[in-house]
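Two complexes follow with chain A in common, the first pairing it with chain B and the second with chain C.
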Partner chain A sequence: MKPGNTWIEIKRKRHCYAWLSPFIILFLWLQLYPALYGLFISFTDYDGLISMSLVGFDNYGKAFQDPLFWKSLGNTFLLWLYIVPARTFLALILAVILNSKKLIGTTIYRSVILLPYITASAIVAIVFRILLTSDGGLINAIIGTRIGWLDTPELSKVSIAFMNIWRMTGYFALVLLAGMQKIPESVHEAAALDGCGPIRKFFRITIPLMSSEIFFVSLISTIWIFQNVSDVMVLTNGGPVNSSTTLVYYVYRNAFEFSKMGYSSALSYILFAMLIVFSFLLVKFYYGKTEEGK
Partner chain B sequence: MRKRIIAIILCALMTVSVFAGGNSETADSKGKTTITVMGGAHLVSVAEIVLQDYMEQHPDIDIRFEKYSYAEYPTKMRIALSQGDTDPDIMIIHDEFVNQLALAGLLKDVTDLIDMDNTVNVLAPATVDGKIYGIPNQVTNQYVFLYRKDVYDKLGLVPPKTFDEFFEQALILKDNGYFAGAWDPSNANCDNMFYDFLYMLGGKVLNDDGSISLDKAEEAIELLQKCWDAGIFHQSIQSDSTEYWTAYNAGLIAAFPGPGANAAYYETNVDPTGNGGYGDIGIAPIMKFAEEGPATYIHNTEYWAISENTDEPEIAADILKYLTQTVEADMLFCNVNEAGIMAKYSTGFIPGLEAVASGEGVDPWPAYGGEKVVSILSKDILENKENLVLPFVDRRSAEIGTIISTVLGEMFLNNTYPDAASAVAAMKAQIEAI
Partner chain C sequence: MMKSEKIKKYCFTLLSLLLLAVIIVICCFPFVLMISGSFKEDYEIFTLTPNILPRSFSLSKYQELFRQWPFLSAMANSVIVTVITTLGACLFCTMAGFTFAKYKFPWKNFLFMLVLATLMLPLETRLVPTYLLFRAMGGANKLWSLILPGLVPAFGIFMLRSFAANGVPTETMEAARIEGATETKILFRIAFPMLTPAIFSLAILIFMNTWNDFLWPIIIISRREQLTVTALLRSIGDVSMNGGYGILLAATTLSVLPILVLYLIFNRQMVKGIIEGSGKE
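Up next, the complex of A and B:
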């Protein structure tokens, strides 16, 4: 297209750009500018107030020598490992149940399973604190023994994973349910005619045809787990002995509790780079599989 | 064409709405001058109650109160001040942040507002280059000995005078099914008891010039170890956790030395129908930990400060003076108990402390059998006012606390450090790396 034509095209569609302008302004102002400014800050020793001198790559170098950075990174990966497979599996089970023709009142169930997701995470965390407190907690009272759900390094991450799975599974179940419902009934009927039982149909037809939704759930789950700060903050405060401190919570603490904006920004960009690599690997794995399928 | 015009108008409205909610005006439409007070939700709510009379006497001033959680308010404050916002005008700031904001030039010099002869000397964290940038809010936060009088009477015990006496009592209490305090090395706040022991031994974390001291840290850890090994502590965070109050109201804890500010927690958290000895709680001076150690120390305090950006410095100064330099405000601070807000303390104004110490007009504390606890605390501060110890803190203190808690947790839970000396060496190395 010639430059003159482009200008005419823009002029002709100016009302479209006008419609888009609130988003573009907000995006530039609230997303792109802070992100670029954050990148700049990561090369400084900014304390959130006045001190800001350039320190080059010092903050990045410091991060790789910081034992708490590695510990929080390890904790984040462990949480991912605890949460994503279990949550995806449970969401799939819930989706199958909700998709069942024998189930009466599916609309009510669909609303009910979304309730944990729409409840504020701080409130959920308070409820889970009441449930999981070692002395006087409801779960320990029921099982009749003192288990340190929140105050032992071995169980703190399990407790966070438990709460996160409970809170988010309903949402992902609905995403998977949407994918399940788009599979044509005729495919199932043809399989049934060929003598395929329900379990075989599920593994050989339903799951392969839902691979894009399962991929979406895994990818979004991964990103959300790496971004989640509220669960850890309200439930365990990263303890005991930093056993549940995740990378993003460590970023938060450095920025807002320790007044180390520069270091915190560097940690954020390391996290950003890791998420890109992680997402890229997931995408490559998914498309590699689908290409093979073809 | 009409559709396009409507679309453009709508777009313009949406775009304008993005910029809505700009800067607030100081004087509102009724001609009132607006002053904003910002800080942690609890203390700002207390100020709101205390300032009721002031607002009635000054109908031309509209005081607005911005309340945030304690984790959130320093960030909100830093952002507002560093961006040059005219709000807030007045702030209540914890000691570790006042120094940072003053160094950044974001607070007004309030030296002239302070009656130095009549204010207790806890001004070090708010002093930069000889100028004072904050006036103390709550000074009745010294380390005191709180205990169950009914249990002590039953076992023939009296409040201890030395740490050794306390330890012997703790063993007796343990034999009778009681704990003598609570401490949990797995908790992120486990550094608090370490500070109590350290400062009472005469040590420091930071020197007054900000250099790292950790003098007496080894002895403090050894004392903690001795208590932990003897099993005298309930495993929870004293006065600050569900576990603690569950154990307390079950009647398991009979001695609970702690900061004076925590005394008020027993008024609201002890179940009158439970087994926590409601009405039988006693308060006494804290035991001496070491010959060279202080009689007590002030755990921490907060400061009232004025923003450098305020449009109304005179009015802000007047409000600050009222809050911190009048007997009238002190008599209100010591009795706050309404609308779910409970905080009974004295500021650092000596005539106010004297008025509260006299007990006249001070409400009795039912959990303490009608004792006027804030009067006892005020009297104690006045008796020790020449030698008050207030730890030096600055912007590193939050991270230092995290380091100390982590090292203690690793030592007591994971045996990472074989002795106190290696734990202190690890603390020092990590603090130096901040």
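Up next, the complex of A and C:
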């Protein structure tokens, strides 16, 4: 196509650009510009007020020598380890149960199962904080113990994982269920004819056929765990002794509690660099997919 | 033969009812506790033998909440922010999604890549520059700072694009064009009415997300009077964590109420929308 033709085509289709303009403007203004500006700030020692001077790669260098950075990174990975495998497995089991044709009351199940998900994570965290308090918290009252779920370093991450699994399993179960319902009936029939038991069927048929959905759920989980601030902020405040400070919470604290805007920006770029692999996979396999056909 | 099958059927019914009960208890238990706790006196919230129903039923925690905190203005703020964001996002996402689904134009793929790129630039990875930008624009403690960033969510564009691809027949658009309709008329007179169910699903999702949003409000808003409900909860929590749980439970109960009511009324659409909104097509 000649450049002149392109121009005519653009003029002819100008309504398309007009309709996309809110998106384009907000993207440039509130996404792209801050992202670039953040990169610039990460090379300065900006304190959020006056002083700002270029410090080169100092902030990045500092991060790699900062024990708290490593600790928060480690905490994030541990949280991932506590949450994602267990939650994905639980959600898969739940989806299998909900997929059963003989089950009654599936609409009620679905509605109830999503209740934790539709509730603000801040509210969930507040309620769990009250439930898990060591002195008189209901969980301790029920088990008859005085365990410091939130104030012992060994347990703070477990508590966050527990709450997170409670909040999100239902949602992921329904996402998996939607995929499971696409498995053709004939596959199940063939399995039944071959005398395949339910457990064998689960591992040999359901899991392999669902691998795309399971991958999607794990991917989204991973990205969300790396991004999640509110769970940590409300439930444990990152404590005790930073035992539950995650990387993104450390980014937040550096910026808004310690006024280290430069350092915080550098940390968030490190976070971004780690996330980009996952978000790229997500976009490539799931969001970008349909566009290729057109 | 008949009998054993009947027994089997009964067993299964019983089992699924039992399972239903277990799932309901696990999922609802914190809510029940929250709501009943908000009607209790302090001494009753923490006991070793908790009651589900409050013995000392009282509204005193709600009265204290409204006396000590600007809860009503927080409610109003949340409503303003959520409603405007929802309306704007539905309009803009439909426009963009419809365009991507139904038109061919130069740089379409590049522009669509930008939509994909927004998925890779979550707020959490650009907290500082976004905060500095809004502060420089005079957006600190302003409600419009809470509205602006949520006006064109990428997932909404995806949702509407995938619906518009099959939901608005190209033939209908062609027919309208032959009758002399402008593209704007096609958008507002054909696309919007035909996409109403999808737009409605999106509206509920955006309403929920905006209402529940927490991180951005607490960053850009520091004056209590301008906070949204969900963000105000954190301030209430910080003060009330050493004993004043009653107020906190009253506040959480009230702030979750609008979403719960929506969920009760539009249950089917919401469940469907949440799953569709997950991006898996």
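Assume the second predicted complex is superposed on the first by the 276 of 294 C-alpha atoms of A that agree within 3 Å, B and C clash if a C-alpha of one lies under 4 Å from a C-alpha of the other, contacts with A are read in each partner's own complex, and residues count from 1 in each chain.
The rule is short, and it goes like this: contacts are C-beta pairs under 8 Å (C-beta built on N, C-alpha and C of every residue); 3 or more make two chains touch, one makes a residue touch a chain.
From a predicted model like this one, the values you see are computed outputs, not experimental measurements.
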| item | value |
| --- | --- |
| Simultaneous placement of chain C and chain B on chain A, clash or fit | clash |
| Partner chain(s) touched by A:L73 [first = chain B, second = chain C, both, neither] | neither |
| Which superposed partner A:P240 touches (first chain B, second chain C, both, neither) | first |
| Touching partner for A:Q31 - first (chain B), second (chain C), both, neither | second |
| Broader residue contact with chain A after superposition on the shared chain, chain B or chain C | C |
| A:F216 touches, of chain B and chain C: first, second, both or neither? | second |
| Which superposed partner A:D47 touches (first chain B, second chain C, both, neither) | first |
| Touched partner set for A:D151, first chain B, second chain C, both or neither | first |
| Partner chain in contact with A:V232 - chain B first, chain C second, else both or neither | neither |
| Partner chain(s) touched by A:W19 [first = chain B, second = chain C, both, neither] | both |
| Which of chain B and chain C A:E257 touches, first, second, both or neither | first |
| 183-191, 201-209, 255-263 or 273-281: stretch of chain C that collides with chain B | 183-191 |
| Contacts on chain A seen with chain B and repeated with chain C across the two complexes | 15, 19, 22, 26, 48, 129-130, 135-136, 233, 256 |
| In the complex with chain B, residue positions of chain A that touch it | 15, 18-19, 21-22, 25-26, 29, 47-50, 129-130, 133-136, 148, 151-153, 233, 237-242, 253, 256-260 |
| Sites on chain C touched by chain A in the complex | 9, 12-13, 16-17, 19-20, 23-24, 26-28, 30-31, 33-34, 37, 45-50, 92, 95-96, 98-100, 103-106, 108-109, 111-112, 114-122, 124-133, 148-149, 151-152, 157-158, 162, 165, 183-184, 187, 208, 211-212, 214-215, 219, 230-231, 233-234, 237, 241, 245, 248-249, 252, 255-256, 259-260, 263, 267-268, 270-271, 274-275, 278-281 |
| Complex contacts: residues of chain B adjacent to chain A | 4, 7-8, 11-12, 14-15, 17-18, 71, 74-75, 78, 81-82, 100-101, 104-106, 184-188, 235-236, 242-243, 246-247, 395-396, 398-399, 402, 405-406, 409-410, 413-414, 434 |
| Residues on chain A engaged by chain C in the complex (per definition of touch) | 6, 9-10, 13, 15-17, 19-20, 22-24, 26-27, 30-35, 37-38, 41, 48, 97, 100, 102-105, 107-124, 126-131, 135-138, 141, 166, 170-171, 174-175, 178-179, 213, 216, 220, 223, 227, 229-230, 233-234, 248, 251-252, 255-256, 261, 264-265, 268-269, 271-272, 275-276, 279-280, 282-283, 286-291 |
